[in-house]
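A, B, C, D, E, F, G and H label the chains in the order they appear, each numbered from 1.
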Amino acid sequence: MALKLYDLEVGSRLLLGSALYPSPDILRRAIAASGAEIVTLSLRRETAGGRESAVLVSLIEEAAVRVLPNTAGCHSVKEAVTTAQMARELFDTPWIKLEVVGEEDTLAPDPFGLVEAARILTSDGFQVFPYTTEDLVVAEALLDAGCQVLMPWGAPIGSGRGLNNPYGLRTLRAHFPDIPLIVDAGIGRPSHAAEAMELGYDAVLLNTAVAKAGDPIAMAAAFGKAVEAGRLAFEAEPMEERDMASPSTPLAGLPFSMSEA
Amino acid sequence: MALKLYDLEVGSRLLLGSALYPSPDILRRAIAASGAEIVTLSLRRETAGGRESAVLVSLIEEAAVRVLPNTAGCHSVKEAVTTAQMARELFDTPWIKLEVVGEEDTLAPDPFGLVEAARILTSDGFQVFPYTTEDLVVAEALLDAGCQVLMPWGAPIGSGRGLNNPYGLRTLRAHFPDIPLIVDAGIGRPSHAAEAMELGYDAVLLNTAVAKAGDPIAMAAAFGKAVEAGRLAFEAEPMEERDMASPSTPLAGLPFSMSEA
Amino acid sequence: MALKLYDLEVGSRLLLGSALYPSPDILRRAIAASGAEIVTLSLRRETAGGRESAVLVSLIEEAAVRVLPNTAGCHSVKEAVTTAQMARELFDTPWIKLEVVGEEDTLAPDPFGLVEAARILTSDGFQVFPYTTEDLVVAEALLDAGCQVLMPWGAPIGSGRGLNNPYGLRTLRAHFPDIPLIVDAGIGRPSHAAEAMELGYDAVLLNTAVAKAGDPIAMAAAFGKAVEAGRLAFEAEPMEERDMASPSTPLAGLPFSMSEA
Amino acid sequence: MALKLYDLEVGSRLLLGSALYPSPDILRRAIAASGAEIVTLSLRRETAGGRESAVLVSLIEEAAVRVLPNTAGCHSVKEAVTTAQMARELFDTPWIKLEVVGEEDTLAPDPFGLVEAARILTSDGFQVFPYTTEDLVVAEALLDAGCQVLMPWGAPIGSGRGLNNPYGLRTLRAHFPDIPLIVDAGIGRPSHAAEAMELGYDAVLLNTAVAKAGDPIAMAAAFGKAVEAGRLAFEAEPMEERDMASPSTPLAGLPFSMSEA
Amino acid sequence: MTLTVNGRPLETDAPSLEALLAELGYADRKVATAVNGTFVRATLRAETSLAPGDQIDVVVPMQGG
Amino acid sequence: MTLTVNGRPLETDAPSLEALLAELGYADRKVATAVNGTFVRATLRAETSLAPGDQIDVVVPMQGG
Amino acid sequence: MTLTVNGRPLETDAPSLEALLAELGYADRKVATAVNGTFVRATLRAETSLAPGDQIDVVVPMQGG
Amino acid sequence: MTLTVNGRPLETDAPSLEALLAELGYADRKVATAVNGTFVRATLRAETSLAPGDQIDVVVPMQGG
């Protein structure tokens, strides 16, 4: 069953960030290798005569992916809201990945500012993708504020630690069975992404783990496969874990023994 | 760079067991979906007029996979050796997955019997795939006995617990950089398989996690992708894990601030 | 160096809850065995002619412990504030363990209501012990609201899971080196309490793990020792973890070898 | 119920190593602070005119502890056996902590040499404390060889990693309910020791974690308490872990609500 | 008039909170009180009059975690 | 007058935001703008006059995670 | 004489392992054999005579993990 | 003759292990001994003669983990 993020039905459940790649060409090929249909971008002041931005824009257009602009680096509600409004005009999309930074060392989201900004933006017609924690109560408040997708972190941005709190993420998933939930940030290796999907998460968003890999293109392909693997497994009902062993090879007909009549 | 197991260069790094499937047809389709090129079989006394065996044999022949016979259920060196000899004649292969059961609850390998049987079989021309633990010293003894592949467990057979001792497995990998190492048994979910491959293991062998899934065919495909993902990631050099956050979106050009001249 | 919680210098770093014990006498002896100097109580409507409350009150008085009343079960700011005001009169103390329940399955704190209630109560002269999560930004807001102690959870109340998110707790500790931090709730076994103290937490508050043990009195003693052990270890600077082995017994003078001249 | 190690009933369940301390005096005070009744020593060639050994011997005599000599550093059966024989004469004890090193980086025990040496020594009247892994089958062989105590590792010697394979250790405990089992090596912090005891292990042996702490004496006391805490908890039947929360403060009589008649 | 006391309906003529507590036998007991969810300190009970439909809570110390 | 454009001081006589963008060479570029932290949509740039000390941000698409 | 074949007692006069297999209908089937726990390769079945009490195993390929 | 004592070459005429220990000043010290990797108990040192090339170990109690 396909995943619907607001108006969009997505095939690939991997969302990819566009930052920190060795070169635009490697970004282009990483996007292709990942199979991602949604790519995040930011807004920044022009630098160096605009070449960089122009190259990026045409690269994204050729990739034919949906753009998810972010408000990365915003610390106040006003900054985040203004950035979202500029993004809507520039990218001609109601989508916004809403980040309101609450703390520098962890880049943890500010739950208070996040909910307030989400309320302002949704009432202004935005379709908000809030970057949040695994906190159930904050999640509830974001849904009340009009968000129809949640993006809890796995671990701090760029840390590559994987899922710091699997219990919290499992609880969040159980509590909101019908809301699209995307693990955003902290993923470092494909096994982390597969684990998130096995927990029942609808998708994974990552950037650094691909961009900073020795071979970003191969790593992009790796994450594409891992996300598919995790989703397939979730839908295929994995076996139950057992504490004791259970022979895979049947014992019936084992040689060298007396048969039980 | 391809993986060589004795004489055979293998493409797929997933080895699949043939037991416990709901039906021969589901086994057939699971093998195909997994992409496995090597499938394990056992030897058992004929039951029910031999239909079952005949169906299995033709199914495996059509699948055009390499057969890896096992000695599952053998508790003594003599049983294991005789079973291996019967397997060689029956399957016309020098390959043998050597299991010598040392304990019933965990089906843990018996390191003493395993090494002795491995020595007898290799000197008799067999190419032995020993099912062992992560014990470095036992591994060394198995190589001395002539094994050119090692298959340490992830967890007890059929437990689906994943990697019980990642430290031990990592140490084993570091100690034998050039020996083909296959994690065999205990894998429950694709993330487990990806993790094993990310540790640098050359392949994964599993059975129950696929056969006992709600949808074995989809799960076989999931594991196929997860093993590819983990291998790709290992070769692509994953990013370093960090304790603190590191912004993926660059801060340069962030609006609303004064520029540092 | 002693721990100061608002006006009180405490010797024992274990705070104990008073609920769910098999009998008042077992509670009495568990408090004594634990060495706790601070015990939590609640406010409830009178039932069964008031015997239960009277027995409890005299028991606590005899134990000569400091009472920390809680607002357990309150879901709104108003309920929590009124309960705190009733507690102040009844127990003649400015201390209040502030709980504002945000979600039923996890009894997770409501960060929004918690901060608002904390602000109201501290400006009314209360000394607030807020039951919160490991969220850094919420913690910051609680300090801004006037709290001088924080009580992050280890895991949901009564779950006995231990520390669900050690990374988050370690980060919180690092971020607030000078604020008394108490791990409250979720502790199940002494090793969990020792781990919290080794992370540098100033104290641990628990209830169910003692009250619901087979032998609450022995378990109270166990937690008392574990908390001391963890604190001693934190102050004694534990060794660094190493990936490889390092002989404890020196090799110098090992027999049977040639000496390096 | 007291612990019996061969002929000796021990009160303290913490065994302490005597190596790597900043000074003999700190060793002396650490032994006292730990409450240990058994201390490990080694045999080495005389160096520097014998002062070091003489000081150590008198220190141990004054401490009135039972000496457990080890065969640390021995790589062959012959070295281990000869060392044990020299130790028996020198310390006038049948006790020997049997170490046969199988690999340098991990100092992992050699299961083959260990079992052979154990057989030789027990038939020669020794009471063997084998340093082994969590391997069930090797454990069985050591018991067959006459050992009446087993000492599985938690992690490599001096690594301070704690329990690398809790599942394996739990399984070993379940498999040998009546054999004294001591976790030896790898313990780094008191919470590790408490965890081992909570798993039902009879005792813990450690050295580096105390000797290499910033304050070895305080750390010795910490481990003494942690081991007591873990044992008390094991005997007091800890609560069951739960996935969901369960209020410790009863809801009955909660104010501000309508009573259910 | 009908009040709700600790969540249960009660018919009473008690003019004040103090009178109600006396009527309920709490006179000499250590309790804390709230009317309609708002705290009423002990010293104000006498001057706190009650109206039909008021919700009164009377609480005592109890076990807690 | 002196404005702050993208965090740097700028001396200009541009009467409107549109004029400023033209002066800066953004005329035919796809950018988004804010004045004193408040978004100004493209269609309103012509009628948005500037005052000394105004802080103008002109942003373009950039890489982001 | 009485043999044990695949763990079950069997009364037979088969002089050789080959004869026994024929008698059991395995003649044209692909099987492997062991006598008293020792492997007997196909080419030696004809010359492998059987004695009372011998334990014969006849195995075929089966599913395995 | 030349022996190896605790891993170092030693020139000596000591006829027995006991004599060697005396020569080395171990006479009244509590030590344990091995010759060529084999334990020699104290009571046998006198009757244990030494040959050129013998490897002697003399050990004492030391710290250990």
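For this structure, a couple of remarks:
Just so we're on the same page, a residue touches a chain if its C-beta (ideal position, glycine included) is under 8 Å from a C-beta of that chain, and two chains touch if they have at least 3 such contacts.
These numbers come from a predicted model, not from an experiment.
Ranked by distance of CA centroids from chain B, the top chain is E.
Counting C-beta pairs in contact, the pair that comes out ahead of the other among A-C and A-B is A-B. Seen from the Cα centre of chain D, the chain whose own Cα centre is farthest off is F.
With centres taken as mean Cα positions, chain E sits 54 Å from chain A. In this assembly, the C-alpha centroid of chain E lies 93 Å from the C-alpha centroid of chain G. Separating the centre of chain C from that of chain E, both taken as means of CA atoms, is a distance of 33 Å. Along chain A, residues 17, 19-20, 42-46, 70, 72, 79, 82, 86, 105-106, 108, 157-158, 161, 185, 207-208, 247-250, 253, 255-256, 259 each make contact with two or more other chains.
The multi-chain contact residues of chain E, meaning those touching 2 or more other chains, are 6-7, 34, 37, 57, 59, 62-65.
Listed in rising order, the residues of chain A touching chain F in the complex are 17-21, 27, 40-46, 50, 52-53, 56-57, 60, 69-70, 72, 78-79, 82, 85-87, 89-91, 157-158, 185, 207-208. For chain E in complex with chain C, the touching residues are 6-7, 26, 29-34, 37-39, 41-42, 57-65. Residues 4, 6-8, 34, 37, 55, 57, 59, 62-65 of chain H touch chain C in their complex. By the touch criterion stated above, chain C contacts chain A in their complex at residues 102-103, 105-106, 108-112, 115, 133, 135-138, 140-141, 155, 161, 164-165, 167-168, 171, 175. In the complex of the two chains, the chain A residues touching chain G come out as 247-250, 253, 255-259, 261.
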